[in-house]
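Labels A, B, C, D, E and F are assigned to the chains in the order they are written; within every chain, residues are numbered from 1.
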């Protein structure tokens, strides 16, 4: 299957088209929105389903020796990518140290929905992947935040603390904030479901498959419709804050991160599918866990910069062009 | 299958019975309600599903030449029915010009849930229909509103404007309001899903069928339970505002509109199923798009008149007695 | 299948594990929560599904002569259990008369989710049960409340009235409150769906099975995750209010109630499955209908006592250890 | 623009009691009221949060009613009698309205 | 801690009209506003409840805006012109803020 | 009916910060607080809307706390220190309560 076929198949998948519908609806100023609690419910569903399926497949195929390696590689990527991103931002954009660090954190961390879309793309090309990649995804959320806070504080003491600091007199990310980041609902549900899937295995999966497997694609479409609406809003509201340099960053950074992910994947020795997912994770940018953490630990950083960039530029890029590219790259590497 | 069989089969369908349950629950003053965001989520689901399925069937059976004709016929109906309704209201009820125009708008426009119920009734009688009837439904929402506003303004200049006017100094339905009506969330999702279904066709449908096809009937039941609660509320609160003349109108107007729909359907040359749906659309009265538009463009019109009439009288009538009648009529016409 | 096998199978079922996940998430102070409207939507779904399935199975197997007997037995249990519970509380805990009566009401009434979990446990052991047990469950909700209010008033006149009283000058549970309790949303939906299932039977079930049957287990998992979060909260916040005596009561009372349920079941002559469910109903404690009623009719009783006890102690006990025990007991009795 | 002095009564009350309070307000012929959702709170009876709550018990709602100063006492007395033994609070504050006649 | 006297305008308005009101506030250069959800209410036009409502019509939202006393009149006039024929109410009350400069 | 003068502090704060604020209020021994959901808003940092938002970042909540005038300063100082660099606003207003002793 050529890269072009992949790209077309992906662009014409209901998932991507519903995302586009959401963007268009917002740009024509339609009042099409998904109520907050429905959106939250959908994301709970997605976390539960993807975690459980990952665990169940681990239970089936046994614990691949590379699991630990993959998790460590993921954490390393999550810590390294922000360093690269930070340098590039300082060179190519006029962002303040704080804002640059904040943006960097997003690209080190991951977007689980991008990950989901990639798994669907693999499935529709009949490519399997290591079930534990879900665990890798979870492990990649936090390190980037810690590194970025350290970047922000170096030579910018005033940036220290924020609400966390104020509340605890400490500097940067205090223990309380760290706890909140690591135990944020999405991660706990993802990892918890992973373990439940691993424990209950085939039988457990069979029992709830009609809920978490069959309708999954359709529910993902509805969720991506909502993501499209939010991305469209990000584009509309964020446009004025975005310099060409920043927009460029939102497009080449995922490619750069993805390349680093590819290296890590081949070092670990992942399968084609696993490689594609590792690239995708490295290329994706967070818009849930990281923003929440930064509002606590780095309040001076402007959400009006990092949210539109991650949601309005990088997410759509990965969803439409990035993923098929990453799958093609993974195929080329094997 | 005789009209009576149809009627019975319809009345004893879970859909209708759950609607009745909702009405009864409200009348015994139970606190049974569906949370707003759930109701909104369900309606998003229904729009997405019905739109997508319509598009997919168009993709499968190719673009029937009558599509354009059917859409035009629908728009004509949407524009003509209010004129008839308006005259009847002025003759048979004491409604003010403004209120009469407002009510007329509802009957020219359509109720997508009534349309859904009709498609289910057809399915259970094994009758197929043109997939593009969904597009016809979408096209019928707006014209009625424009005509009704024109009716209200003729000889009642004070009725002009409302919030729209006040905000823009224009008269009647300003461009902003028109945009809001045409791009309201439900329509955008319905039409957007229709196109996505048409683009992705069989493959797309197969991918998300476990979400939008199999559970559809059941989810519709839950939604109709909610509709029953709202209809019951409409009946309870609206009773005091409703004269016998008005109640009568709520019952004979759908029949009259349905008859006009039957004529249009045979002119266009629709199939049995298509005819039944065209009749249903003409007979149904809006309670979402139109009220929202009128609050902006015709604030003097009293919601306490048109909402109970459309929700409490006409919707239940169509759901229980109307639909089987319309299907029987369609069968008789072929 | 030995009691131990049952216990293990139950403990390792996704349902129970997701409940545990919810508890753990709360204890590590994660922000994992299910939005209120989603939780309410899920419970509407569960009521609709369980009621409908019960009705449909009654339609299929015909009206077993024991139906009426079972319902009466259930009501008797609901009225008797509070008397026993009240005595025990007065002897073993320092609770005030009012609080003791309030707690007693919860154990006389039932928890539908515990009932649901038991039906799943039966299903996975391939044990069938009388469909009308759903009706029994509904019938058991109210009597306990009336008895408990009578207990609270005897010799504690001041406890009389509350908002109900204040609003109507009457004492204890006035007619208005009684109506609210009997027509509370859950009951109306449960009973209504039961009748709809009985009316539409096999055909109706076939039509909506993809919504209410296949995904049921999975949706129950999501709901139990939420229950776990609430139970965890109950444990955390309620701990300080709970004496060892009270905690003990939360564990031996279900066993005692269950034993009374076993007697009733064998008198009625229920099947193994029916017996297990009757025991479960008797053993379960309410946390929805009863608290709401007591806030109106017995406001002096402290929710900080009865909610944590029912949600934090008895519900988890029944879900994890109780249910397999009750199934084993039912098997032993036949 | 001319405005008129009125009073605003805010009532935090348990959801199960809401209907009772609204009926009472109706009986006292207030011109209207509004109910706002409440997410979470803490009082002498401890903390609560709506998330995850299925039943109505435990959650609170906030009802506010704008009325004429002259009627405040007449409404407050029975209102307080109704909620006094319940969980909740009642506050009164000053507001100005544009349509004076609308609020009685 | 030093605080500054400001005014708070509360606007209960039908959901379909919300965007119009916010645009108007923007046009008058207020420094910001907040929209609160509303659960239910009753007024001269009868009672309503959000539960089950699918469309936006029928439901209300509550918008409040904190601004300088001097600007109240300038905002209230057109605001009232906009909502006068609609369902809804407008109230004005006193508040103190910590960052005076933030609210204009 | 006798009422007592108290102060009401309204705090609009980002959802991720909510727990911090509540903890601070607890530490200062206020008798209670209430959290209201917020639908949308606009401030110097731009506009936002809850619909569709999945994470907590970006959304705001409104916390109000009724307390004795004497304690306002003691609470406002650290409160402001906590939220000063965050998105959000703080206002103070007058209210009367029926149970004076309940609010400290």
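Keep in mind that, in the parts below, a residue touches a chain if its C-beta (ideal position, glycine included) is under 8 Å from a C-beta of that chain, and two chains touch if they have at least 3 such contacts.
What you see is a predicted model, and the numbers here were worked out from it, not measured in a lab.
Between subunit E and subunit F, the least number of touching-chain steps is 1. Identification of common neighbours of subunit B and subunit C yields A.
At the far end from subunit A, in terms of centres built from Cα atoms, lies D. A count of C-beta contacts for the chain pairs D-F and B-E puts B-E on top.
Distance from the subunit A centre to the subunit D centre is 44 Å, each centre being the mean of its Cα atoms.
Here the CA centre of subunit A is 41 Å from the CA centre of subunit C. Mean C-alpha positions place subunit A and subunit F at a centre distance of 33 Å. Among the residues of subunit E, those touching two or more other chains are numbered 36-37, 56, 93-94. Multi-chain contact residues of subunit C (touching two or more other chains) are listed as 31, 33-38, 40-41, 180, 210, 214-215. The touch graph of the protein chains shown belongs to none of the named shapes. Interchain contacts (touch definition given at top) occur between A-B, A-C, A-F, B-C, B-E, C-D, D-E, D-F, E-F. The residues of subunit C lying in touch with subunit D in their complex are 33-36, 39-40, 43, 162-164, 166-167, 180, 226, 229-230, 233, 237, 287-289, 291-296, 299-300, 302-304, 307. Contact residues on subunit F toward subunit E in their complex (touch as defined above): 10, 12, 36-44, 60, 62, 73, 76-77, 80, 89-94.
Those residues of subunit B lying in contact with subunit C across their complex are 12-14, 17-18, 21, 24-25, 28-38, 41, 124, 210, 214-215, 217-219, 221-222, 225.
By the touch rule above, subunit D contacts subunit C in their complex via residues 14, 16-17, 20, 23-24, 45-47, 49-59, 81-83, 85-87. On subunit F, the positions that touch subunit D within their shared complex are 1, 3, 6, 8, 22, 26, 31-37, 61, 66, 93-99, 102-103.
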